[in-house]
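Two complexes are shown next, each including subunit A; its partner changes from subunit B in the first to subunit C in the second.
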Partner chain A sequence: MEKSAWFVWPFMLGFMFALVVLLLRYLWWLRSLWRRPSSRLLSRMFSKHSLLAVREIFSEGLLHLRIYKRNRRLGFMHMSLALGWFMMIVGGKFETWFHSGQFLHGTWYAVFFRYFEPQTAGGWAGTFWLHYMDLGLLLVLTGLALAIMKRIRKRILGIHSSTRHTLVNRVALTFLWMIFPLRLVAEALTFGQHGGGGFLTGSLGRCCFSSGMLAGLELPLWWAYSLSLGAFFVVLPFSRYLHIPTEMALIFLRHWGLRAAEDLQPEKALQAFEIHACSACGLCLDVCPAIKDHPFQSAYFLRALRSGKGWESLASTCLSCGACEEACPINLGLEKLRTAARGKIHEKHHAVYSYLPTVAPVETSRVDVLLFTGCMGRLKPATTKALKDLFEEAGLTWVHLDEQESICCGRPLSLAGRAGEASALREHNRNLIQGQQARMLVTTCPICLKQFRDDYGLELPVYHHSEMLWYCLRAGRLKREKGTACFSYHDPCELGRKSACYQAPRELLQSCGTLLPLEREQADALCCGNSLGALSLSLSERQALTSRTLKVLEVSGAQSIVTSCPLCQHNLARQSRLPVRDLAEVLAVTGLPEQHGQRTAALAAVQEL
Partner chain B sequence: MPKPDFGFAFAPNRALDLSAPLLPEVQVVLETEPSIRACMACGQCAAVCTAGAFTPLAFYRLVLQLRGGDVAAVGERARHCMLCGKCQMTCPRGVNIRNAVLLMAALAPPKP
Partner chain C sequence: MNASEYLPKDEVAIIGGGPAGMQTALALSERGFSVRIYEQKEQLGGHLKGWHHLFPHGVAASDLLGQLKEQVLARAVPLHLGQSVDRLQKVGAGWVLWQGERPLGRAGVVVLANGFALFDARRKEEYGYGLYPSVLTAADLEAVFRKEQPWPFGSDRMAPQVGFVHCVGSRDLKCGSPHCSKLCCVTAVKQAMAVKSLFPEAQVYCFYMDLRMHGLEYEELYRKAQVDYGVRFIRGRLSEAAPGQGKRLHVKAEDTLQGRPLHLQLDMLVLMSGMVPAFLLEQQERAVFLKEPVFGSGFVPVQGLLAAGSVVQQEGLFASGACKGPATLPEVFADAAAVAREVEQYLKSLKAVAHA
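So, the complex of A and B:
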């Protein structure tokens, strides 16, 4: 290598350093797999799953389609940075290959190709690569301009909050931002002095850098480009930019069937890859109901897990409403991570349920519905009563499973990270259900619904009462006439985001009145503030969240707020100006106008007395 | 000093000396979940308790016992809680009962 080309060394050293550190970290994370290689993983490795992973890397790692669907400007920013850089890496390889006829070169040769070969062989292919590389660079620079704009005025990119980065991340960001403008100037100057170049670098060189006085600047600029690249690679393994390689590895591992552990292991297996694949893009910030009060959003939580400091309080104050998981563009299992973290905090907690009575199997006649109202159902007898009235109206037979002795379903323990401790509760409830002959299990609590569906492995289908009532309405077993009532509907987190049930409650309300559109609803709905996920959020903080949610719900024209979760109903009703009712109550009342009349008459009679 | 007559009597073992220093493990619990201090032993939590229907579990009693320093008994009893959160929903003082119970249950010696 000639002496003038020594400027490639900062880049090469940084690049090698990053490679070695990455390799060591990945090998450390995957240590358990070397000891016990799973046959499933090996068989999936050489199958279509790898191709599917490559497709996902292309659509999410490069094109960032999920971000694009949420926010076009932000999606374009991520896409132009990633795709532009990728185009340049691939183009660099092909260009050197095309030019020298050799496929293998030192990595530095492609990166600083223009310095070594300012005037490449002509022909259409040579011209194509020149313009192609310039297009890649232009794309990255567009992304960079948007990224800088995002730092100055977030609103232009259509977001309200962006991640506050730590020092090391800001340093890495600065080096990253320096790389591409320096490359542009260095290439333009080389082309300006020696001629040639594509539509961007060539034109810039001809118009600005053709003066002979600037010739002495050529080498320093290439040095600066190499230094910023090298410095970026040195900080990469210790900054959020570790997400670039880790996200790709994560996608492969997921497609090969690796699943995250239930307990917290931030430096082991898939969980390590998940924690380090977060780019802190900030999509989890704006959707968080507590963004204005607390820094427990996933970007910060994962950062705390990476550093090993401060994750405890972030895990136990978060509401687990699931909004960040819904918004995460790389589908990280954030809820699972949070419960794992809570489990780690309370690993000394153990539960003893030996006092529970044993359930004797009961042989009953076949009924349509097994009704489970859960713990919270006992606090809302009006909902249970209304639902039973509706069953009666629909001509359904039912057994109320926990009318006498109610046992928790186990999900509250799971949300606190103590799922293993809940096995005795699940066993008790399973015995309660197994003796019965019924077509379905219906619960009025979305928390129970989720637990019964996911963890009980029941033979009979489990429905939330809104799904069940909607089924009755469609089948003509319930008949409702559209009244004048105007409702705003609150989506409970556990029913909406966690169980993907949005349509049934809406159809039911539309059948008997008008459902008002809200600023944030369905997957974007805010948490009521009473989620069982949060363990140490104080009452005043919960109340602040509730009032924010109520602001969304109390739209003009709304006569009542309707929800389908006893926790949400209880909590919203405490602070709401409007009456807050359960779906079943609304449906039971609106269907019977003559009864409503009777009630008004009775009330009037009482007042007369 | 003669005992003052309040017009009622109580067993000495149920008296709570608020000026007595707290045990270090009790202090840790109270510092980790400060809302426990807001408890006024009204008994709402016990009235709605799911586990309380089967076993004598009452959160307000746990708080009193904790203050009294009966750590082992608190830990044993707190393990019976199902963490359903009904008590927290009805608590007029906004005590984070679920977190408190998780901390209290950890006070008992580990399961054999």
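So, the complex of A and C:
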């Protein structure tokens, strides 16, 4: 190597710096594991789980398949940037190995290989590597062009909202954008002067950079390339680009069985990796029902957690509708993180539930169904009545556990991050439930459902009433004929996204009428606007959300809106032009008509007197 | 007809033949203007038709209505019954009234007197209206008093337990009705006393947020209800109504003055459903639409103060009575006279311009 090699130093220093900082940060985050290594983690490390992690890194870290599924153009942008860069790193390694016969080199050697060995012959294999490296570069440059377009006109990439960046991120972004065009020009100039090159750099060199007058520019261009690389690496550990290595580390840790903590620890263990793995891809923005009203979406919330400033208000305004968690391509546990943050806010407030009566188990006879309607069920007596009629029709025996006195299932408190209080309520209800002999627990409230399923550890199976009615229908215990009614169905967040129950309500409605397709439904459904999760959204903001959701539901032809959550129903009904009913009411056809009948009959009797 | 030549004559069209419409018609007719009333129903009277007796003195509603109708007949005010106006079109300086695609007539001035609607109590499902036969609205109870509807409990119940819930669908932001209907309080007092006179053994409870006895002699009536009739007033919102023993209702509330929860078994629960807009006024250039109200729509907006009857943004369009917001009959009658004077001044000013 005769040429001056000083220019590689900015890159080398930056690279080493990034490596050291990353290592220190990761070690710090994993400090607790260091002290108490779990045997489970160790055993998973040397098993197929690591291979699975590699596969996920390939499909998500490089190909970005999940983003691609949601939004092709955006997925392509991420894929070209990551895959192109990856191709160049791997290709560079192999190329230098091929040409020098030696596997180990200084890191810089492959990066600046073209400068040091501009004319590498090597037959068809050498040519292959030239074209291959150009292909990688072309991919990155395409991705870059799309990224620039995204900043200028996001609609082109099929998105409505993109994240707004902080200063350090804008600096990092500028360096990143400079790296690859500089590499293109530097390589092209070298090839123009010395000959050779692949389809991209070689051709560009021959047509634009072969003049001898440009020879003096070669070294400065490589300097600029090295400087921008080095500068990018220096800011990387402090910018959102930290997500690139962190996402990979996160995937490994998850596959090795590490789980996020319940309380907020943004600089510790899996939580730290989750918070820093967000690429600010922005997929969580467009799906958020409140995107037009409040900038509290997950990308911003995570950013606030990273900086340690302002996360409190962002944590409590969100509706906990789960749309962003569903959309997040790296499956971050966003609700859990938010709940943990809320717990931190409420740390100092403590409610006491010592007044709850102690429950003594009573001998009860065995029934089919233990019905729990919850606090929200109290707002919707018609649903409870309809469901009981359906039980009768299906020949099921039941006990209504909270008919007289109800004690909250605990989920509102756990969504507010008040884990301790929630568990006091759960304890009480668990005793009540265990005092009964039933084959299953059925609840009309998806909020309770989730809590009973996930956090009670009950022995008996827990169903939402839509699931139970669906089983009855399939088993022929309920029979319905398809009528002429046309419904639009609102998927409650807690039942749909949170409990993945989409089919049962739909099939029930289709059994007795026509279900209309909607612009946003199932996993993409909008929140009713009044979720229990929203702790600090104002009434008018909630009402604006509700009317947006109603616009989706009021499709032409719909005669009524049907849902299967008392809170959603309560909330939608207040603002809706169309009647809003619960599934059970639709199925039971109870309530008003019958009652009107009674009134007119009674009236007729009076008038006869 | 040539639209541009059309000048308003001294013709006034009144939309709505309730107390406000009739009284405004009378006041204008007395001032020498020619008026006509467009009423969507087959009869005059508006909500007054459905009431039994009136606060604070217990005058029979049918007597008052009879007097009003007599006067309207005596002045031979032309009546267009069964005609529902849904659109006003500005032609020249006057108006053409439409029902769908059918022109109903024309006038120089239009007075909206199409009143209010009752809040749909089924929207507060937790109170069980439409679900349990023993839950009524105040309007239903008037129908019971008028013997158009039966009592919800058997005739064997000599000592029924009765509850009244104030502010149902009033002062309720979540229901989109931020306003106070202002006469539910005194209506509950009136009805509670009536129940007590019919069933002296009855236990009657009124659940209120705060009592607004703003009118002449209302406060006195309230005192009488407590002292002479033994009606019990409980400050606190009802949380829910559920089926109780037999045909009764199980009602939960909190007495917020004493800070204790209450559980009651009731034979009848009366919801004081408030007054809400009957229609949504949609103003366009040279046209006004009367549409179905939507969530959060308000009453007819007027300029206020010295122009309390002039609808904002519209020349020659006035509003009288409860279409502008909750009002009692004495207020409606006083308003009618004021609106008539405003209309007169408007027409005079037009004439002055025409002469000049």
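Please note the rule applied: the second predicted complex is superposed on the first by the 586 of 609 C-alpha atoms of A that agree within 3 Å, B and C clash if a C-alpha of one lies under 4 Å from a C-alpha of the other, contacts with A are read in each partner's own complex, and residues count from 1 in each chain.
Heads up, the rule we're going with is that contacts are C-beta pairs under 8 Å (C-beta built on N, C-alpha and C of every residue); 3 or more make two chains touch, one makes a residue touch a chain.
On a predicted model such as this, the values are computed, not experimentally measured, just so you know.
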For A:547, is the partner it touches subunit B (first), subunit C (second), both, or none of the two (neither)?
second
Which partner does A:380 reach: the first (subunit B), the second (subunit C), both, or neither?
second
Name the contact category of A:570: first (subunit B only), second (subunit C only), both, or neither.
both
Residues of subunit A touched: more by subunit B or subunit C?
B
Quick one: is A:243 in contact with subunit B, with subunit C, with both, or with neither? Answer first, second, both or neither.
neither
If we overlay the two complexes on their shared chain A, which of subunit B and subunit C does A:78 touch? Say first, second, both or neither.
neither
Touch check for A:294: first (subunit B), second (subunit C), both, or neither?
neither
Using the superposition on chain A described above, determine whether A:407 touches subunit B (first), subunit C (second), both, or neither.
first
Kindly classify A:539 by the partners it touches after superposition: subunit B alone (first), subunit C alone (second), both, or neither?
both
Tell me which partner A:450 touches in the superposition: subunit B (first), subunit C (second), both or neither.
neither
If I apply the document's touch criterion, which positions on subunit A are contacted by subunit B in one structure and by subunit C in the other?
378-379, 539, 570
If we count contacts the way the header does, which residues on subunit B are in touch with subunit A in the complex?
32-33, 35, 48, 50-51, 53-55, 76, 79-86, 89-90, 93-94, 96, 98-99, 102-103, 105-106, 108, 110-111
Inside the complex, what are the residues of subunit A that reach subunit C?
378-382, 385, 403-404, 539, 543, 547, 570, 573-577, 591-592, 595, 598-599, 602-603, 605-606
Where on subunit A does subunit B make contact in their complex?
316, 346, 348-353, 355-357, 375-376, 378-379, 405-408, 412-413, 416, 418, 425, 530, 532, 535-540, 542, 567, 570-571
Would you pull the subunit C residues touching subunit A in the complex into a rising list?
122-123, 125-126, 128, 130-133, 147-150, 173-176, 239-242, 250, 292, 294-296
